[in-house]
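The structures come next, written out as C-alpha cells.
What follows is a pair of complexes built around chain A, which joins chain B in one and chain C in the other.
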Partner chain A sequence: MSTPIVQMSNVFKRYRALTALEDINLTLNQDKIYGLLGRNGAGKTTLMSILTAQGFASSGHVNVFGENPYENEKVLRRICFIRESQKYPDDFHAKHAFKAAALFYKNWDNDFALQLVKDFELPLNRRIKKLSRGQLSAVGVIIGLASRAELTFFDEPYLGLDAVARQLFYDRLLDDYAEFPRTIVLSSHLIDEVANLLEHVIIIDKGKIILDDDADNIRGSALTVSGTGARVESFIGNRTVLHREGIGALVSITLEGQLSAGERREAQELGLDVSPVSLQQFVIRKTLDAGAGLEFDAESQAKQTKKATRMGAIR
Partner chain B sequence: MNRAVAVARMQLINKWTFLGIPALILLSSFALTLAIWAMIPDTAEGAKYSGAGQAVMWYFFALGLQSMSLTFPFSQGLSISRRNFFLGTVGLFAVVAAVVSGLYVVLGYLETATHGWGLNGQMFALQWIAKQNGFMQMFFYFVLMMFLFLLGFWGATVYKRWQATGMLLACIALAVVLVGAVGLITWRGWWPAVGSWMAAQTPGTTGLLALGLAALLGAGAYLTLRKATP
Partner chain C sequence: MIDDSRPIFLQIAQLIENDIVDGVLAEEAQVPSTNEFAAFHRINPATAAKGVNRLVDDGILYKRRGIGMFVATGARAVLITRRREDFYEQFVRPLAREALKLGIDGEQLAAMLAREPGAASLRDVQQKEGAI
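Let's look at the complex of A and B:
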C-alpha cells in the first residue's frame, strides 16, 4: 500500500567543527504529506538539500526513486525543491521564473500558476530582486505547486506571507493534492498552522531525528491534565510526565500516553480538565527534552549557537 | 526535450542578457567610434585604429560570471543536473560566440571594402588578423570569446565552491606562477627569445594557445561545478 520513494540510511553531514546531520535514517512513502519540523538551524534545509542532490552528505546512503539522485536526471526531473533563500537570475521577473519551470517540469500547469499569481496578487512584470519577502515566497510556492513534481519540498514557504496568503497556500495545497496526489515535504517551524495538513511528522533537532511518526499517533500520544495540585498529582500516579506547569494552586501536567474510558470518567469525577496536546506543544516539549542534557553546560551551548549561525551564513 | 537544450532556452528567456546587451554594446561602440573618427582630421599618415571592437568580448567575460553565479542556484532549484547546466550554458555560449565571430569577419570585410567606413578607420579588420583567411579569422575571434567566457565562468565556479578565500588563493597562486615565470625568464636571460617568440605569433598560433587555455578552463570549471552547491 505504501511505496517508499525516499530512503536515507546513516546519513551524516559534517562541517569543519559542526555536525549538521547525525545518523539520519528516514523513509518517505509515496503520496503523503510530511511535516519536517524543527527549530531554525536544526538541519531541515541541509536534509532536503541532500535529498535533492543540491548538497552532499559526508557519509551514508541516499536513495530517491530507487536510485542515487546525484547528477541523475531520471530522478531529478521528478523533484522540485525551491529553498527558502532561493536565488533567481538578477534580470528575471516572476514570469521568467515560471517560464523556466515550465521548460523542466512535464506536469507544469500554467493555468494553475496564473490562478495562483492572481490569488497571491503577485506582480509578474517586476524584477524578482525588487519583490517583497512575501512576494518572493509566493514565487517559490507557485513553482512548487504548479510544477506538480512527484516529490515536492516546501522550505518554510510562508515567510513574509500574511495570514490570508498563508491560508490560501494551505487551501490550494490541499485541493491540488487531493486532485493530484504526490509526496510533499513541508518544512516549518510554525507548527500549529500546518498541523492539520500533515499526515506524518518528522521532528529534527540539532541534526538528529527525534520523532518520526504518523500525525494521528502523535495527537493521541500525549494529553494535558489540569486542576488543583493534589488531585492532579494523585490522579497521574507514576505515569510519564512530559511537562509540568502551575499557577498558584492550579497545575497543568502533560502526560505521555492515553487515558482509558474509565480513567477519563475518574478524571471528570475529580473535577480535572483533560485536553489533547497540540502538535506544537508536543514538538516544543520533545525538543526541549532532547536538549535538556546540554543545558548544564552553558558554554558549549553558546558555542553551538555560534557555529550554527555561521553554517547558516554559508549555506 | 533534451534538458541541456532546455537549459540553453532558459538562459535565453530574458532575451536581453545573451542577445540584447551584446547587440547594444556592439552597435553603440561602433556608432561612437564612427563619431570619433569623423571628428579626427584625415592625415596621410594612415588608418585610424580603434579598440572598440573588444567591448563585446569583455562583456562575455561578465556574462560567464553571471550565467554561473546567478543562474546556477536557480537551475538547482529546478532540479537540473550540474552536467546539463554546464552543457546547456557553455553550448549556448559557443553558438553565440560563433555568430558574433562570423559577424566580426563580415564586418571586417565590409570595413576593408568601404575603405574604413569611408573614414579610413580600422575597428574590425585589424591588419594582423585581417590578413588571414576568413576561416582563420573566425577561429581566432571564436576562441578568444570562448576563452573570456570560460574564464569568467570558471572564476564564478571557484567562488561558488570556495567563496572569497578560494578566489583569493586562486588569484595569489596565479600571481605567484606569473611572477615566478618572469623571474625564471630574467634569471636565465631568456627575454630576447621570448620577444622573438611573441613577435612570431600569428592569429593561428595565438588562437591555438587560447583554445588550449579555454579547454583547460572548461574542464576545470566542470570539475569544480560537479561538487558546487547553490
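Let's look at the complex of A and C:
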C-alpha cells in the first residue's frame, strides 16, 4: 500500500560555515499528504529544492521515482514545485504562465485551471508583475493544483491570500486529491489551518528532522495538566515535560505521552485540569525547546564576559 | 466538531456511532462515503477512511463492493450496550464528585434529576424496560 517515491539518505547541505541540512533520512510514500513544518530558516525550502533538483546536496543520496532527479527530465516532469516567491518573466500574464504549465505537465487539466481562475477571481490578461501579492500566490496555487503532478510541493503557497481564498485552496485541494490521489507536500506556518488535511507530519528544526510520524499518532501524544503547583508536580512524576508555565499557585505543564483511564480519573480526583495540545502548540513546544538552550547559552556567555572583566580589573 | 484531544479517525468513528445510536443512520442505511466525510469535516480522506474501516472491523458497518458502506443489523443494540457500560465512568462518577464538592447530598441529587424535563421520558423507559 505504501510505495516509496522519494528516498533521502544521509543528506547534508552546507553553505560555508552554515549546515542547512544535517543527516536527513526521509521517505515519502505515494498518494499521501505530508506536512513539512518548522520555523523560518529551519531548512524546509532547502530540502524541497534538493528534491526538485533546484538545489544540490553537499553529500548524501537522493532518489525520486527511483532515479536521481538532477537534469532528469523524466523525473522532473512528474514533479511540481510551487515556491513561495516564484518569479515569472516580466511581460508574462497569468494566461502565459498557465500555457507554459500546460506544455510541461502531462496531467494538466485546463478546465480545472479555468474553474480555479474563476474561483480565485484572478485577472488573466494583466501582467503578473502588476498583480497583488495574493493574486500572485493564486497563480502558483492554480498551477500546483491543475498540474496534477504525481509529486507536488507547495512551499508556503498562501502568502497574501485572505482567509476566504485560503479556505478555497484547502477545499479544492481536498476535493481534487480525493478524485486524483497524488503525493502532496505542504509546507506551512499556519499549522492549525492545515493540521486536519495532513496524513503525515515532518517537523524540521535547525536542519534536522526531529519528528516524522502519522498526524493521528501525534494528535493526543501530548497534553497539558494544570492545577495547584504541588499537586501537578506530584501527579506528573518523572514524565517528559515539554513546557512549564505558571501564575501564582497555578501551574500548567505540557507533557509528552498519554494518560490511562485510571490516571485521568486520578487527575480529576486531584482537581487537575487535563486539556489537549494542538499540532501547532506541539510544534511550538518541540521547536522552542531547542531555542531555550540558546537563551541559556547567551546568559552564561554574558556571565563569562562579566567574570572576565572583573578578572581584568583585579589584574 | 473535530477537536485536538484524540486522533481524528477515532472522532469520525464516534460521530458515525452517535448517528447510529440517535437513529439518524438507520440499520441497513447507507453511510456517506469517505470522500464525503473528508469534504464535510475538511479532513484528510485517508484519515476518514481509517475511521470508517474501524467500524467495519468492529462489525458496526459492512461493505457492499462497488456500492458503499451500510449500517449492520443489530449495530444500534451493540453500541447502546457498550455505552451503558461507559455511562457510570463517564457521567455518574464526575456527577457524584462535583455534588460532593458542593455539598449536595444524595436526596437533593435525586430531586434534581426528577426535576429534569427529560425525567418524564426516563420513567417511560423504566416502564418499557419493565414490560420487556
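Just so we're on the same page, the second predicted complex is superposed on the first by the 290 of 315 C-alpha atoms of A that agree within 3 Å, B and C clash if a C-alpha of one lies under 4 Å from a C-alpha of the other, contacts with A are read in each partner's own complex, and residues count from 1 in each chain.
Heads up, the rule we're going with is that a contact is a pair of C-beta atoms (placed from the backbone, for glycine too) under 8 Å apart; a residue touches a chain by one contact, two chains touch by 3 or more.
Being a predicted model, the structure only gives us computed values, none of them experimental.
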item	value
Fit or clash - chain C, chain B, common chain A	fit
Contacts of A:Phe235 with chain B and chain C, given as first, second, both or neither	neither
Which of chain B and chain C A:Phe169 touches, first, second, both or neither	neither
First, second, both or neither for A:Arg83, with chain B first and chain C second	first
Chain B versus chain C as contact partner of A:Ile33, first or second or both or neither	second
Comparing the two partners chain B and chain C, which touches a greater set of residues in chain A	B
Which superposed partner A:Gln54 touches (first chain B, second chain C, both, neither)	first
Partner chain(s) touched by A:Asn72 [first = chain B, second = chain C, both, neither]	first
Touching partner for A:Glu269 - first (chain B), second (chain C), both, neither	second
Superposition-derived minimum Cα distance between chain C and chain B (Å)	26
Complex interface listing, chain A residues touching chain C	32-33, 170-171, 174-175, 177-179, 196-199, 215-217, 219-220, 261, 265, 268-269, 275-279
Residue ranges of chain C in contact with chain A within the complex	2-9, 35, 38-39, 41-47, 50, 89, 93-94, 97
Chain A partner contacts - residues on chain B that touch it in the complex	1, 3, 6, 9-10, 13-14, 16-17, 66, 70-71, 73-74, 76-84, 163, 226-227, 229-230
Complex contact set, residues of chain A against chain B	49, 52-56, 71-73, 76-83, 86-93, 96-97, 99-101, 103-105, 143, 149, 314
